[in-house]
Every structure is written in structure tokens, then in C-alpha cells.
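Multiple structures follow.
You will see two complexes here that share chain A, one where it goes with chain B and one where it goes with chain C.
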Partner chain A sequence: MASFLARRLLHTIAVMVIAVTLGFALVHMAPGDAMTGDVTQAGRSSEASARLRARAGLDQPLSTQYVRFVRGALHGDLGHSLTDDQPVVTILGTALRNSLALAGAGLLAAITLGMVIGSAQGWYPASRSFRLFGRALTTLYAVPEFVLAIALIGVLAYGAGWFPVGGMNDPVTSLLGSATERVADVLRHLVLPALTLALGWGAAVARQQRAAIAESARIDFVRTARAKGRSEFAALVRHALPTTVAPVIAVIGLMLPAMVGGSVIVEVVFAWPGLGVQVVHAVAQRDVPVVSGAIVVISLLVATSSLLIDVVIRAADPRQRVARPTNT
Partner chain B sequence: MRFSPHKACSAALSACLLLLGCSRPDAAEPRSPRASVLTISTAVDADALIPPLVGTTQGKQAVDLLFDFLAEARTPISTSGDAGFRPQLATRWQWAPDSLSIAFSIDPRARWHDGAPVRAGDVRFSFALFTDPVVASMHASNFVGIDSVSVRDSLTAVVWWHKRHPEQFFQIAYNLAVMPEHLLGKVPRDSLLRSSFADHPIGSGRYRFTKWTRQHDLMFEADTGNYRGAPGASRIVWVVAADPTAASLSVLAGQADVLEFLRGDAFAQARKSPTVRAVEYPSLDYAYMLFNYQRTVSGTRGLFNDHALRVAISQTINRGAVVANALDSLGRVALGPFTRATESVDTTMRQIAFDTATAARALDSLGWKLDPADGFRHRAGRTLHFKLMVPASSATRQRVAVLLQSQLKAAGIQVDVDAVESQVFGARLAKGDFDVALNIWRTDPSPSTIRQVWATAHGNDVEANFGRYSNPAFDAAVDSAAVTFDPTARRALYRRAYQSIVDDAAAVWLFETRNFAAINARVTPVGMRADAWWAALPSWQLSEAGAP
Partner chain C sequence: MKRATAVLLLIVAAAMLAPWLAPYDPAAQLDIVQLKNGAPSLTHWLGTDPYSRDVFSRAVFGARTSLTVAAIATVLSILVGCAWGICAASVRDSLGDALMSVCDVFRSLPRVLVFLGVAVLLGPLSAVTLAIVLGATAWTGISRLVYVLVRDISARPFVEAARSMGATRWRLLQRHVMPQLLHPVAAAAALLLADILAVEAGLSFIGLGVRPPGASWGSMLQDGLPYLRSAWWLTAVPSLLLIATVLSAAGIADRLNGRNWRGSLAPGSGAP
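Moving on to the complex of A and B:
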């Protein structure tokens, strides 16, 4: 286990170094910078822009900027935003917290939805209701997230008025409401973006779960449990379900990078102030420190999550721990 | 008990319906406590709340409510003299006999939101802050020509100019947001945004700062004891919704009260909605097809320096059809490098008419002969061909570009639409790296600022004259207008300048936008100016019916 961990850790570090270096270079290669300003209006003079560039260190050679960035990042300092001069760590810290809340809720809903529907489909392959559910979920999986998001807003927020159109909370409630009202308000705002993520991700989990349950239903000890008179529900939950955990975790692991990408779109559409919104805003503004910092945070997030998933799979599935036969 | 899939499905559906049913709003619910809160849906967050550092319209909206100006512009705005202004922070003002200085008397009742009195020293300090090179404000150029601000006594600030000009009063009263010296005076000027003031600004306006969650919301509350009186709405909240569809839906669904620009389908929906009104207000934005006068195009250096060619291209384009197709009722054909809301504009001025036959003859006479084989015009083995650069972020301009491409193709001119990301568009425009660009410009209320975009550039600093256009007759007329005090003569000079640049076909003047804001029916807006629709926001009235 120790050598496995060491190998995976080295792999994680290598991935991060490559991602951060490539990201840093690409951001700097893009034309324009934060001082270019809005071309539809007269901006600051070229002297003033040059002064700001020098203050931000953008007039230095790229290699110098890179070394300074890496040195700072290793000390937990990602610099200051070029647009509002706030520490990048503070900006991204707040955004990350919001993103994790959304992705966590979406993931939880996706796993619940996917496991329930997938299990039901696999256990009752002849059930028309569950087949219908499964097909509906697969159809939603094929729909781009922004389309799904707009459709949900149109039907459930604009049409029915059940949920807010966007945002993370109602600013007035967040200022004047009681603690309970504030929590309820955030949960109400969380429903549609989390549902958008869950409908897409849930389909992937459901497909995996359906196949795993269908396979486990044929395993001897499950058949024995049924033959002994155990109820269908007990046979499913106590005997078949535990054998499917590892494959589902593997699917969730594969989904992690897609979750980050998907969250960007969902966050923008629902005005959820997470990493996605920050990154889109920073890219548009050519706010190099924020974009570079976001690359560090996102690659760290994806790499460590992947590492964690590998460890969990290894722990959950005994077959993963069996030593491979040698050729000697 | 056996597990039944059908029963499980029914139970799950019933639970969902019950849950959704419970959350449905009930008309009999008690009145919303937010009835006097005005919520503005905005696509972009404010960038800063310290006036010299504000670069976005949203930031400007916020600081205009938070801070006071020496005087307040009337609607419509007039930039010549002081007749177009009424007192704000200054109760009165007195011109020096030589007109080289104006003494402003500060309202003794004016207080900062922390309770400290506003003093003449704050005016001097604010001017210093705007013009300090260390601050590098993008608004510093607004104060060019002002020598200094002195303090005669604690309530009298005197502004001094190097020389007289008609817009002296406008220059200082319109641009100088007055900031508190006692709070900002000791903050290092190169790190204003890192100060606590940047996060909790204190002004003297009719709204005071409450909270700011970046990229999410910004909230102000009424300064009920303000020396100018309490405003109409108890709070103003800007809610950021970067996605335009979601932003318009939030207003249409009644979750926000105001959206400053309606576009496309949202405009049609707003016009049909019983709870939302599409309110038009004047616009200062015009779109134009900008020629690059220094570029080698179709093998000819400075191809667009040829006046006859520019006129022929203009005649080839049916601007009315372009506007009708791309903007429908949300745009008008532009008259020139200004809009109908610009001071001194003459809407009856002579235009280059759509006339394909004359254009074809002109192109033939210039040597650009139509080759029936490929349908394009050629001269000395070169095709009359250019790239039309548009920002990919603007669906409207991309639609316009395709229409232009089609119309120009019919005349034998080959156009490639070059859609680029908005920052790339800006960078290439500034560098002069384009053949022809489809740009939009927001004019300043001062007609003299037309020089930034169209006056002959000297040296490398082209300001916003990205195509390096030069027209001495235009320059002379605008320069004369800018220093003419007599309103009639000044207007005549500006009209001469406008006619000169239109006759010269400096660009193809495509359209000016028609601004429609979506405003909830419970809100009664007043004084929506072309330069600042939000200028009279404190006077907007809200009724409780239909509150979110």
C-alpha cells in the first residue's frame, strides 16, 4: 500500500506541474491583458497602463514571472488579482467553498438517483416503469448541461416560480434573515443547479449500477439468499448491493474532471459564485494571477480526488489488493 | 411485504409532487418585507467602489449613488456652461471675472456616512487622487486643462483652469466624485484597492454601502438622514447574472426589478408581460464598420485612403435592411459618429445613400472590374478582398457581419468574417492589426470627445482612432467648436464637423442601439439619461403591489 501511495503521489505531482506550467504559459500567450481595458470607451493613457503593468510585474520576462509564481504558490501565496487587487487565495478560497457545496450536493443527488434507478433497473429488468426512468435519465445525459439548466430555469423557476432563477442566496435574506431562513434560502437556491448536475451525472452512475446489479443478481450467494426466502429487497440491499460499490466509485472517479468542467457552465448559467464563475470572469479580464491560481487549485482538486478514489477503490475491493503473479 | 417497483415509482412521484406543491407561493402569504427593495439584475459585477479606479458601467452606477458630485446634470444633459446643472454637494458656485476659476460653496449640512462633515479639503483631495499618476486612473484625462483645486475656507473649494473653454463647469462637476480625505488620505496611492475603504466605502450620497459579495451581489441602503433627503427605495441590490437568458428571466419572473438592456426574445417577452415594462431611454452607442487606413489590403498599401472606394463601399450597403434584419426594433440606422441623443446633432443631415448602380460604376472606374467567372472584382491580378473582424462575444455584430458579407459579395467585394474573442478583438484593434473591424463606441456626453476617436492622431498615441483616420477639415471644425462659447455658433461648428466626416465616408455608420430596460410595473422610473440611466435612481418610486 505504501509503495502504491508513493507511486500515485509522484504521479499526482507530475500531473500538477505539467498542468500548472502549461496553463501559465497559455494564459500569458493569449493576446490582451487586464490593462487593455474596454475598447468601447476611452481608457487610461499608455503611460498609466505601463505603470500598472510594471506594478504587477507583467513587464518582466515570462521565465521570471513563472519562477516568482511557483515560488509564491509553494508558500501559499498566489498573488493579487489584477482587476480588484484582492489576494487570489481569498478569491479562490471563497469560490472553492461555494463550488464544493454545489458539486457535493450534485454528486450526492447523482449517486442517490443513479444508485436507486440503476439498482432497480438491474434487479427488475422486466419492469417497464424502471426502464422508462432509465431511458429518461439517459436522454437527459445526452442533453448539454446549459440546455438542461435553461430548461429547468424556464419550467421550474420562471414558469412555476418554485425556485429562484439564479444566485446562491437572496441578498436581503442573507442580510436580514434568521439563521434558519438563511440556510433554507441557500438550499432553495441550490436545488436547480444541483439537479442540473445530478441529472447528467446520475445517468452515468445508473448505467454502471444497472450492469453491476444485473451481474451480481446471478452470483451464487445472491441466488442462495433468494432461495432461502429472503425478501427481494433484503437480497438486493444486503447481498447484491455491496458488491457494486467499487465499480460505482470508479465511475465517480472518472467523472471528477468532467464535474469541474460541467460545474463551470452550470455556475455561469445559475450565477453561482463558484470557481467556474471566477475562472470565466478572470479569463475574460485576462486576470493572469487568478487564472493561474485557479489552474493550481483545480489541478490540485482533480489530482487529489483521483488519488483518493484510487485509495478508496483499493480499500473497498479486495481484488485490487491481490498481488499480481510474477513471470519468474 | 413484497417490494413492488410500480408502488415505489408512484411513491417517489407523489413525494416529488408533494414537495414541489409545498413550496408553491401562495397569494395569501403576508406582504413581502422586500417591497421597498429595488433589485437590479446585471451581467457584470462592479469592479471597484473607489471612483478613480472604476472601469465598468456597473462600478460607475454604484459610485454615482454612493458619492456626491459638486453639481448634478439635468436631463437631457448639456455640457456647455452651467445652465444644464443644478446644485448637489455645492449649494452654489461663483465664476471668477476672468472665468479661469469657479468657487464652489459646499453644503454645510453634507455629512459622510460615518458622520464627519464634508469639507472643501475633500474636493481638493479628490482632484489630487483622480490625477495622481501613481493611482493611474483611467479617468485622469477628464481633468486635462484643470490647473489645481484650492481651499478658500472649510466650505469653499476653488477650481482653477489654465484657459477658458465652454465645458469647464461640466468637466469638474460631472467627473469629480468627492471622496473623504479623512479616510483615504493616509492610504498609499498605489494600493488603494487593498485598503479597508475598498471593501467598505463611505460616501456622502443618498445611499450608503451595506455589503458586497463579489461576483454575486452588491447592496446599498438608504441614508435616511441624508442632507438631500431620503431616497425612494430603502435598499438597492445589484444581483450578478452572467448568463443573459437567466438575467432576463429573473426580471420576467419577478425576482428582480430592473435589467438595463433587453435583447432578442427577452424584449418580445417583456412587451407581452403584464408585470414588466420595456422602457426606452436614449443611447450613446453607435456601431460602425471601421477601415484601417494604414493597412495593405488587396495588395494596395492604404487601400482605404481612397475616398471614392469608401463611398462606393458605403453605397453598396443597405443599412436599413441590415438594421431591420439584425436588430429589428432594437436599433436605428446610424447617422454618423454620434447618436440622436448627442448634443448638437442634426437628424436631417445629408447621408450617403444606398445606390448599388452608382457604387458599381465607381468601382469600375477605380479599376476594380467584375469577373463573371468568380463574381468578384479584380485589379492588377488582385481580388478586392478584406477581412471583417468582429468580437465573437457579440451575436448581434456577428449577424450584422454576415449580412454585410452577403451585400458586399453581391457588389463583387469578397469579405471574410473574422470572429475573434473580445479581448483579442480589443488587443488587435489597439494595435491596428485588422483590415476592417465592426466596432461599437459609446460616446461621451461632451461632443468634443469625438476627437478621441476621429481626430488626426499624432505620434504613437492614437487614443481610440484605431484606423488612424485623418481629416483636417473635420479636425478644424471640432477644434473650433470645442472653444466656442456662443451656443448657436458652437452647434453650427459641430454640425459642420459631423457633415464633413459623414461626407468623407470615414467609416460605414451602421446602427445605433435603442436601449430598452426591463422594469417591473411596480417601479416608476424617472430621469433615465443617455449617459447614466441610473442617475435619478434615488428618486424612483416603488409600489408594494407585485413586490418579490
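Moving on to the complex of A and C:
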């Protein structure tokens, strides 16, 4: 366990170093610096410019600036936006909250959907309708998220009119509505983007779950449970299901990096005011500090959560304590 | 398999024959007043877009862009991934471990972040740059696969037999190990192609991909999204093409996996 932890920690640190370096490099490789883009520079003497640059620390050697960037990042200071007179952290903070709400809802729905469908498929391998269902889900998995999103908007928002087309809240309700109305409004806006994410991620979970359940049905204690007369349902839920929880969490851990990409695009389609929308907007505006800040924040989040997932799995599942080659 | 291959071949053929198939110039704005969001008709089979460009011509040329970018990126990542994996599996264990750790570190970095970084530095990309960036972020999965395969195959009796007969390391690799890699890598390549197609479309869709007015399926979707209700053909055409291509590539991959390689290394492969 100790050597595993050490290895895993080293890995996480390496990922973080790369991300922070990437973020730093962006700020410095982008043409010009914060001072060249300053609109107040017209008519300023070169001496004044030099003093301003010195005040911002831009005259220091790159290594010093790098150390300062890292120290700032560790203290939650990611610089200042170029287009919006606010610290990057402030801008990203709200966006991050919205992103996590969407991703969390999507993930929760994906796990529920995937576990239920995957279990049913694995437990009743001969069932035709379940197999058909599984095939439909696999097909959905191959469809890119944003195409799925567009289809859902077309059918459920424009066609049936059940859900709003995009955004996070209705302007009138968010201004005049009571607290419960406002929450209900946000939830209504949340359904379609969360569903889009849930269908894609749920398919991956279901695939894993089907294999795990099919395997667990052959485990001795599950057979014993059936033999001693427990109902099929109890054998599935009480005996087979618990063995599959760790692998499903592991699959989610492996999916994390890819999930970021999916949610960025889904946010853009639904105009959900999260990190994805914010960062795509910043790219269009060439607002380098915001982009670099987002890269740092997102990769730190992904790296720490996958570390956490790995440690939790190790700690929870005794079978994992035996040394074995890393998963492919 | 046959159906999937047929669909993919059809789309590839359409892409290759684009200049002959397309009735109009894909970037030409034919008549910005009369033909804005024109519905499908006899003169414009799949309608026209908000800039009065012919959707069919754009779809065919878009296939060209999307497929070329995806193909270059796939080949690139297969080459890099195989080289890296074979190297890591052939050197001594500690070094190989280190090489694979580097690969894993890159794998756990969300690749969309790399695209964002490149986009903010370089602005809209040319097709070739896009393909290189896509390929540079997609090789890690292949290299993991190849590493595991090479290690597994090298331990099999027939390789050991050849080694005991005095075969050099290069000969072992070339005559005994590499041929075994062909099918699994081909399957992985088909899957990667599907994946990269989807990623490229996604990037072009959010405006980080191919530079306009170059048509790609992703950018066509971007143009069409605001008119989803009034002009459904703008989004339906690229969506269906994208789904058909991705599904057939993934289907081919599945079949390659199932038919030739029901190995112990692919959990769940070959399942219906």
C-alpha cells in the first residue's frame, strides 16, 4: 500500500507540474505581455513602461517568474483577466460551481442508469429486450456528445417543449421568483445537459457493470445465496452488486480526463455558464490568463479526484491489496 | 462488418471524389438574399445554409476535411504509440516502467486542455496543424496496448523457442512479435479513428478546429445550431454523416476485436 501510494502521489505531482507549466508557458508564449495590450499605453514613455513592467515583475528572469506563478497558484492567485477587470479566480469560481453542479448531476444519473441497465443485462444474459437496450446504449455511446445534445434539443426542447433550450435560469424567474421557484427553474434547465452527459457516461458504466455482474453471477457465494433459496433479486442486490462497486468507481476514475472534454462541449451547446463556456469565450478573446488559470484549475481537480478514487478503491477492496500490474 | 465497411467506403469515396460530386463551390455564397437557409430542393438536394452555401457540397467537402484530419492524426498516433510501446517493452524493466509512467501522466491530463492552450496561442488552425495536435494527444492509449501486448507475446513459448535458437532481439521483434500486433492494433486504430473524428468535430463545433470558411462537419453543425428549429437540414445532415462514420468505424473495430483476437487482454471484447 505504501509503495502504491508513493507511486500514485508521484504520478499526481507530475501531472500537476505539467499542467502548471503548461499554464505558465501559455502566458509567456502568447505574443506580447500584459503591458503591450494595455490601452492606457498610448503616449507613455518607454521609461514609464519599463517601470510598470518592473512592478508587474515582467523584467525578472523566467525562472523567478515561474516560481512566482507556482506560488501564486498554490495560494489561489492566478493573475488578472485581460478583458474583464477581475481576478481570474473570481471569474473561474462561479463558473466552476456551475460546472460541478452539471457534471455532478450527470455523473449521478450516469451511475444510476449504467448500474441498473448493466446489472439487468449481466444478470439476465439471455433476455432479448435487455440486449436490445444494451445495444441501443452502446450506439449512443459512439455518438458524439454534442450531436446527442443537438438531437435532444431538437426533440425535447423545440419539439415537445418540455425543457428550455439552454442557459441556466429564466431571466424573469431568477429576478422575481421565490426561492423554490428559482431552484425549480435551475433544475428544469439542468435536465437536458445532465441527460446528455448521463447517456454517454452511463453507457460506459453499463458496459463495465454488465461484465462485472455476469462474472459475479458465477462466484460461489452468489451461487450459494441462490441455492439456499434467497430470491433472485436479493441474490443480485445483496450479494452480487457489492462486488461490482469498486470496478465501476475505477472506470469512472479512468474516464475523468475524457469527461472534462465532454462537459466542456455540452456546456457550450446548452449555454450552461460553466468553466467550459468561460474558457471557450476566453480563447476567442485571447484572454490568456483566464485560459491558463482554467487549465491549472481543471487539471488539479482531475488529478486530485483520480488520486482520491484510486486510494478509496485500494482501501475499500481487500482484493486490490495484492500487488498486480496497473490497469490498461 | 460488411455494412459498416460499405458505409465507410462510401463516405471515403465521396470525400475523395468531392470536386466532381459537389455541384457548387462549398465556400461560394450563391445568393445571400434568395437562398438563405433554403429548404432541400431539386437544385439544392440538401438545402442551403445561413450564408446561402450549398449544404450538399459542403457536406462532401467537409467529409474530406474531417476524414483527412482524422486519418493523419490516427496514423500519427499509431506510429508514435507503437514506437513508444515497443521501446518500453524491449528495454530493461526499470527504464520501461519509467517510459510507461510518462505515458500514463500524459494520459491523465485532459486533452481538451491541450487543445485550448494551442488554440489560444495559435488561433484557428490549419487542417494539418489540427491533425498533428490531435495525433500528439491520442497516442498514449495505443502505446499502453502495444506495451502490454509485446510483453505478453515475448513471454510465449514460440518466442522463447526462437530466442533459444539464437535469434537476435531485432529478429524476434520483427519476425515473431510484430506480426501478432497487427490485428489488435488495427482494431485499436479503427476505434481511434472513430474517436478522433468525434473529437475533431467537437473542436470545430466550439470554434477551436478548422479555420473558416473551410467546411468540416463540426463547423457545419456550429453554423446550423442557431437555426435548429427553422432549418433542420443544417444540423441533420452533418449529424447523420458523423454518426454513420463514427458508428461504422467503431463497428469495424468491434468486429476486428471479436474475430481475430478473443484474447485475455481485452475485457469484454467480442461481446454482442
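Keep in mind that, in the parts below, the second predicted complex is superposed on the first by the 267 of 328 C-alpha atoms of A that agree within 3 Å, B and C clash if a C-alpha of one lies under 4 Å from a C-alpha of the other, contacts with A are read in each partner's own complex, and residues count from 1 in each chain.
In the analysis below, a contact is a pair of C-beta atoms (placed from the backbone, for glycine too) under 8 Å apart; a residue touches a chain by one contact, two chains touch by 3 or more.
Everything quoted here is computed from the prediction, not taken from an experiment.
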Would you sort A:R286 into first (chain B), second (chain C), both or neither based on which partner it touches?
-> both
Determine, under the contact definition given at the top, whether A:G154 touches first (chain B), second (chain C), both, or neither.
-> both
Between chain B (first) and chain C (second), which does A:I313 come into contact with in this model arrangement: first, second, both, or neither?
-> neither
Which of the two partners, first being chain B and second being chain C, lies in contact with A:A294: first, second, both, or neither?
-> second
Where does A:L22 make contact in the superposed view: on chain B (first), on chain C (second), on both, or on neither?
-> second
Once the structures are superposed on A, label A:E145 by its partner contacts, choosing first (chain B), second (chain C), both or neither.
-> second
Could you look at A:A225 and tell me whether it touches chain B, chain C, both or neither (first, second, both, neither)?
-> neither
May I ask you to decide whether A:V268 touches chain B, chain C, both, or neither, giving the answer as first, second, both or neither?
-> both
After superposition on the shared chain, which partner residues are touched by A:F130: those of chain B (first), chain C (second), both, or neither?
-> first
Chain B/chain C common contact set on chain A | 30, 150, 153-154, 158, 268-269, 280, 284, 286
Once bound in the complex, which stretches of chain B touch chain A?
-> 1-3, 5-6, 8-9, 20, 23-25, 33-34, 37, 45, 47-48, 55-56, 133-134, 136-138, 140-141, 190-191, 193-194, 198, 210-211, 213-217, 219, 235, 237, 239-243, 245-246, 249-250, 252-255, 285, 422-430, 439-442, 444, 449, 452, 460-461, 463-464, 466
Seen from chain A, its contact residues with chain B in the complex are 30-32, 36-49, 51-52, 55, 80, 83-86, 91, 95, 120, 124, 127, 129-130, 133, 150, 153-154, 157-158, 160-168, 171-172, 175-176, 188, 231-233, 236, 268-271, 273, 277-278, 280-281, 284, 286
What residues of chain C sit close enough to touch chain A in their complex?
-> 101, 104-114, 116-117, 119-121, 144-145, 148, 194, 198-199, 201-202, 205-208, 221, 225, 228-229, 232, 235, 239, 242-243, 246-247, 250, 265, 267-268, 271-272
Which residues, counting only chain A, touch chain C once they are in their complex?
-> 11, 14-15, 18-19, 22, 26, 29-30, 131, 135, 139, 142-147, 150-151, 153-154, 158, 207-208, 210-211, 256-258, 260-261, 264-265, 268-269, 279-280, 282-284, 286, 288, 291-292, 294-295, 298-299, 302-303, 306, 326, 328
